[in-house]
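For clarity, chains are labelled A, B, C, D and E in written order, and residue numbers in each chain start from 1.
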Amino acid sequence: MAADMRLPTIRKPVSLSVSTSDRKDLVVPGDVITSDTGFMRGHGTYVDEDKLTASVAGEVQRVDKLICVRPLKTRFNGEVGDVVVGRITEVQQKRWKVETNSRLDSVLLLSSVNLPGGELRRRSAEDELTMREYLQEGDLISAEVQSVFSDGALSLHTRSLKYGKLGQGVLVQLSPSLIKRQKTHFHNLPCGASIILGNNGFVWLYPTPEQQEEEAGGFYTSLEPVSLSDREVISRLRNCLLALAAHKVLLYDTSVLYCYESSLQHQVKDILKPEVMEEIVMLTQQKLLEQEG
Amino acid sequence: MMEVCGSSNVTLREFGCEQSLLSRPDGSASFIQGDTSVMAGVYGPAEVKVSKEIYDRATLEVLIQPKVGLPSVRERSQEQCVRETCEASLLLSLHPRSSLTLILQVLHDDGSLLSCFLNAACMALMDAGLPMSCLFCGVTCAIDADGQIITDPTAAQEKQSRALMTFAIDSTEHRVMMSSTKGSFSVYELQQCIAVSQKASEKIFQFYRDSVRRRYSKTL
Amino acid sequence: MAGLELLSDQGYRLDGRKASELRKVQARMGVFAQADGSAYLEQGNTKALAVVYGPHEIRGSRSRALHDRAVINCQYSMATFSTAERKRRPHGDRKSTEMSLHLKQTFEAAVMTQLYPRSQIDIYVKILQSDGGNYSVCVNAATLAVIDAGIPMRDYVCACTVGFVDETPLADLCYAEESGGVSSLALALLPRGGQIALLQMDARLHQDHLETLIEAAMTACKGVSKVLDEVVRQHLQEVSVLTGE
Amino acid sequence: MFSTLKEKVGEVLLPGDEFSFDTDDTISLTEHVKPEKVVCGPGLRRSGDRLVVCKSGVLRHKQPNLFWIESQQRRYVPAKGETIIGIVTIKSGDVFKVDFGGSEQASLSYLAFEGATKRNRPNVQVGDLVFAQFAIANKDMEPELVCIDSSGRANGMGVFGGGGLLFKVSLGLVRRLLTPHSEIRSDLDQLFPCELVVGMNGRVWVKSSSIQQSLIITNLLQSSDTMTASQRQQLFQRVKQGPL
Amino acid sequence: MKDTPLCNCERDFLLKAIEEKKRLDGRQTYDYRKIKITFGTDYGCCFVDLGKTRVMAQVSCELVAPKDNRPNEGIMFFNVELSPMASPAFEQGRQSELSVKLNRQLERCLRNSKCIDTESLCVVSGEKVWQIRVDVHMLNHDGNLMDAVSIAAITALCHFRRPDVGIQGDEVTVYSPEERDPIPLSIYHMPISVSFSFFQEGTYLLVDPCEREERVMDGLLMIAMNKHREICSIQSSGGIMLLKEQVMRCSKIASVKVSEITELINKALENDKKARKAGGRCGFAESMPQERITALKKDKTAVEMTDVSERANEIVQKAEALPQTVPSPVVPVPGVGQVGQGPQNTWGLDEEEDEEDSDEEQEEQVTKMEEEHSENKEESRGGEVVEISDSEEEEVVILHPEKPDRTPKNTGSTSHQKVAASSKKRTKK
């Protein structure tokens, strides 16, 4: 087996000719955005001596009188309704703590999950004691943001059949800003695998289930071996996601699918080679442009 | 055997004590024996680390800080002597799952250091108002080359001595609570030293009483 | 002092710089993919790497959490190969611990920690090659890493050391100058408001000279801030083009 | 024993001092005296047929048969029914954790406030002061505080309003301040009007019309710990006359 | 063990008081607390009281091999020990942030400013030099440890004497103090640290913060200077934003404070020198506060030995017989002597006497108070009389014990002459 070793080289960014950089309003910390007092202070800004000043490096966004600066890269800022994929870090009294790539661990209350045997069942003391049987430290879940606490921590719920514990599959951790907001973040891709694009940048790839199991309450996970072909599809998707992320392409079902299609002429293991990556991403972007145009 | 008794060496150096001299600790005292001087501070009953928690009594920690450098084996063994004495006199079961910390700082060492530690510790524990079944005091005796017993020896006397013994003595029955000895001596000498120490302890206990009485003289 | 002449009669220093001239500063942001923010910075021959994680939930003892702001956790270390003599301990000695502490306080002053109650921000800085001004280089690298992580700051924090020789302040000391026994002053500045986030001085200096020295240090810091500003804007432009919708 | 105890009232006793129950030390020429009951307060303990002193201090007596040792302790040990000033350190779920200067933090349920219900929670922030009473204070259990009396009334307890200064004095002084006709209190009354809250745990909170006055009261109280009554009165007198 | 948390009302009150230029203990903004410097029996042992903050410094020396890169220079080693005695928050053996900060700042202040002639500490070049070790122990923490540490360390260094050495060929002899007088260190200048605390984003500034002020401050600026107005070290800490003007102002204040403190140190050193010359004992026995109510001192006591042999026999018996047989000396009535016939209680502590005592002492107290009163009037601008300095004085109650009328029962009872204690207490006025 020949190892493929390379010396570090300066990565050339994929340059699309549309360098309309002045189109956007870019600021750095300490830059005064406006000294007009008629504006409202949003995220990424602060007021210093009556001047609205940026506190992060990024792009200025204005909605009416509200001025925000959106940083290029940041941790997940959850909003109600966001779909997230997360990992259980701790089991506490009547709640689980979930790592969701946000500033504080999110909370999944025992009362916000569907327990097996009826949705509207009262939570008994016994349930509290057997919490670890449902979800334990290290388990992955998909969930939806139910509310946001005053300190910024998220409260999650899994009160729908599509959410719950995740079984076999691959987790890809990416920057949350690369995930495009869409109506649905659950997709059964035609290539034979399914994807959950968590708004928090956690993406879950898994073999498309045969049929939805009812009454499992979301705590049952299949342990049947996944076929080799499925595995290959999932690995290919994973590498495609990384390639797209490396070139900062927004992720949604179409972009992932196009990328998958473009990568078919290469072997799975070759996708992450810089030149292959560049080629695939170029192809994807062209396809996306065509589709748009 | 009476020549020992006639000896003028059997004296305690002048001693003094000050209580409540520090603002932070719950109890503090400094004790001076001649030039030997020790400062003691007590914290507790306070929060205890889970790893040191004892379910039915308080955890007592004794820390001895030497004047120069970091605590070494010598300090550790002295810590143990003091801790065992304190544990025997304190009613630790009244404060389960809490910690008592006794810190002893050497201010000057001119012999009889361990007994000074014990005396300072007792005064500080009293100042902190911790429940105790009895008081204790420390007396150091040295036996010099001629077989004479010197109580409360100075550093120079300690150096010339053949044997050195420190006893902790309780206030109610004047029994020996702890002993630490160095050098060689006969059984008889040991017994004589104990007797001398018991005798000397009376003086110290009387001093404790005077000292505390003086302290409360305002609220009498 | 040693026989070396730190400032020649013509006004040149050991490495040929003028008294108030900075060393060449080069930097790059976003060098690691896994970290929330990262940067690499060279100032002359001193090279440093900074990585930022967070803000995230406090790991380890939860008692460190502050209910009204984020905890900043800094670790400074020097690579074993960073100095001419191989270092035995890359971190953990008194000097490194102090340096970590200073970095921490510098960023506590600049980062808007009150926006992230009960969380933690980690800043790790490693000196890869040391040639004087370690503290300043670390601060400058860490500033870029914090910006890269999208963590709000009041302003850039720029740091620089200055020395004082023959009644003349020397900007941005290199190792030879630092060890040459000059009185040196390290200063971290928020350039826009002229606020000093950290000030540290060693060796004797008459009170009357203090002002000139601080003045020189502030000017040097502003010089550094220009370079950092360019780096950040460049980076911003590149990345925002890519994510352009 | 009763008589020997009584003889010693007002004297300084040390740990280890004992009183034996045997009545033969008092040779009574009259009839045999009935063994009397003695109630031991802080600092006194029964051990077999003896009464042992376990703290240093002055022996005090209260009719009919209550004896205790008054000492100048600084560390507080909780006792049921005592009211203290605590600092809220943690809000977790249904309880607040309160620091009161003892060996562990006490818990205070959010329902233990006047008029509090599951919906209507009291407004308490971390770092706030509460004046509360021990409902459980037992050496083997976590102490528990409440801010209501048995009839559910606040009765002066609850969260402190803004302002004022908290400071620490010795437990002995607190007890002196809280005696029904405290001299210190009446002396203080003559000085300035002020709001004073005294916790049994040695914490005192004071609020008066100006910062200066609060500071003066704080310092007066802290120093009166080690003064005799006449010294204190002189000092107070001087403050009163002083050009304030 | 955790420190008591700071409550919101304390924080608010302190900040408000600072705004009104009032401090907890009645000081003015730029006032230091009372500084008291005392010395131990040894050379190089110094205690510093800064208000209630108390530290002890001890200098020691040792012959060691020099460092390779500096063969002709002695070595200075500093160790600031945060003993858990000073505060429950200090843990033993843990390198806390504060300990690193204090250690480094002291090193910077005293070693980097080259205040001690290290070349004079060289005995044999490249082989033997003196290592001077300064251990500073915290005894009570009530804020501003750094200033107390720096004063204690430099005073102890000034006070220290190292043994003289003689070199004959390859042989190095260290002379004991009896053989040859020990030699003081050569000290070029005395750097002293002055701490400034900043509040409300640098709007307010206080000198010498106490512990509670330290807990609400935003940050600290430490400036070490000597009396020649040379800055030896500056260090800012805590997340504060300083302006250049503030630094300059602080350096000006520092130079004034430093010259005051230097004078105080010199006076203390001189007094100690005089006392030592006079041959008086200058140990702790002397520095022990005579007039504190909580302090008690007893002169040399003889232990009565008449019945020792009996007791010894008794012990022998005990060893053989059962321990219960011991005639247990239960104290029937506490306070009165017991089994033995010890000497008379030497302390006149009958209640009557005591009252007399306190009456007298009250009178003394009054005059004292009045004195101080007038002093305060001069001192305090604005006529705020109640300053803590004098209420603190109230603690000091003089209860002169009766001259002990010891019955010379024992042969060993020696009369001990008390040396008039030269009170080394001075207030900074």
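Following the convention adopted for this analysis, a contact is a pair of C-beta atoms (placed from the backbone, for glycine too) under 8 Å apart; a residue touches a chain by one contact, two chains touch by 3 or more.
Because the structure is a prediction, the values reported are computed rather than measured.
Chemist: Count of steps on the shortest touching-chain route from subunit B to subunit C?
Modeler: Steps on the shortest route: 2.
Chemist: Which contact partners do subunit A and subunit E have in common?
Modeler: Intersection of subunit A and subunit E contact lists gives C.
Chemist: Measuring from the mean of all protein Cα atoms shown, which chain centre lies nearest?
Modeler: Central chain: E.
Chemist: Going by the touch criterion at the top, tell me which pair is linked by more C-beta contacts: B-E or B-D.
Modeler: B-E
Chemist: Among the chains here, which has the CA centroid at the largest distance from subunit A's centroid?
Modeler: That would be chain B.
Chemist: From the mean C-alpha coordinate of subunit D to that of subunit E, what's the distance rounded to whole Å?
Modeler: 33
Chemist: What whole-Å value do you get for the distance between subunit C and subunit D if each is reduced to the mean of its CA atoms?
Modeler: 54
Chemist: Which whole number of Å gives the spacing of the CA centres of subunit C and subunit E?
Modeler: 39
Chemist: Send over the residues of subunit B in touch with two or more other chains.
Modeler: If we look for residues of subunit B contacting two or more partner chains, we find 20, 43, 46-47, 99, 172, 209, 213, 215, 218, 220.
Chemist: Using the touch rule from the top of the page, what residues of subunit E touch 2 or more other chains?
Modeler: Within subunit E, residues 293, 330-331, 334-335, 358, 397 contact more than one other chain.
Chemist: At which residue positions does subunit D touch at least two other chains?
Modeler: Subunit D, residues with two or more chain partners: 11-12, 14, 16, 18, 226-228.
Chemist: What is the complete set of touching chain pairs?
Modeler: Result of the pairwise touch check is A-C, B-D, B-E, C-E, D-E.
Chemist: What part of subunit D is in contact with subunit B in the complex they form?
Modeler: Counting only subunit D, the residues touching subunit B are 10-12, 14-16, 18, 43, 45, 47, 52, 54-58, 70-75, 77, 102-105, 139-140, 172, 226-228.
Chemist: Which of the residues in subunit C come into contact with subunit A in the complex?
Modeler: Per the stated touch rule, the residues are 30, 33, 36-37, 54-57, 112, 116-119, 147-156, 190-193, 229, 232-233, 235-245.
Chemist: Spell out the residues on subunit E that touch subunit D in their complex, using ranges where they run on.
Modeler: Subunit E reaches subunit D through residues 4-13, 16-17, 20, 22, 24-26, 293, 330-335, 358, 362, 365-366, 369, 373, 383-386, 388, 391-392, 394-395, 397.
Chemist: Please give the residue numbers of subunit B that touch subunit E in the complex, ascending.
Modeler: 1-2, 4-25, 28, 30, 32, 34-35, 37, 39, 41, 43, 46-47, 63, 65, 67-69, 99, 101, 103, 105, 107-108, 110, 151, 172-174, 188, 191-192, 194-196, 198-200, 202-203, 206-207, 209-211, 213-215, 217-218, 220
Chemist: Across the complex, what residues on subunit E touch subunit B?
Modeler: The touching residues are 1-2, 40-42, 45, 52, 54, 56, 58, 60, 79, 81, 83-88, 92, 133, 135, 137, 139-142, 283-285, 288-289, 292-309, 311-312, 314-316, 319, 326, 328-331, 334-335, 337-338, 340, 342, 345, 347, 349, 351, 354, 358, 397, 399, 411-414, 416.
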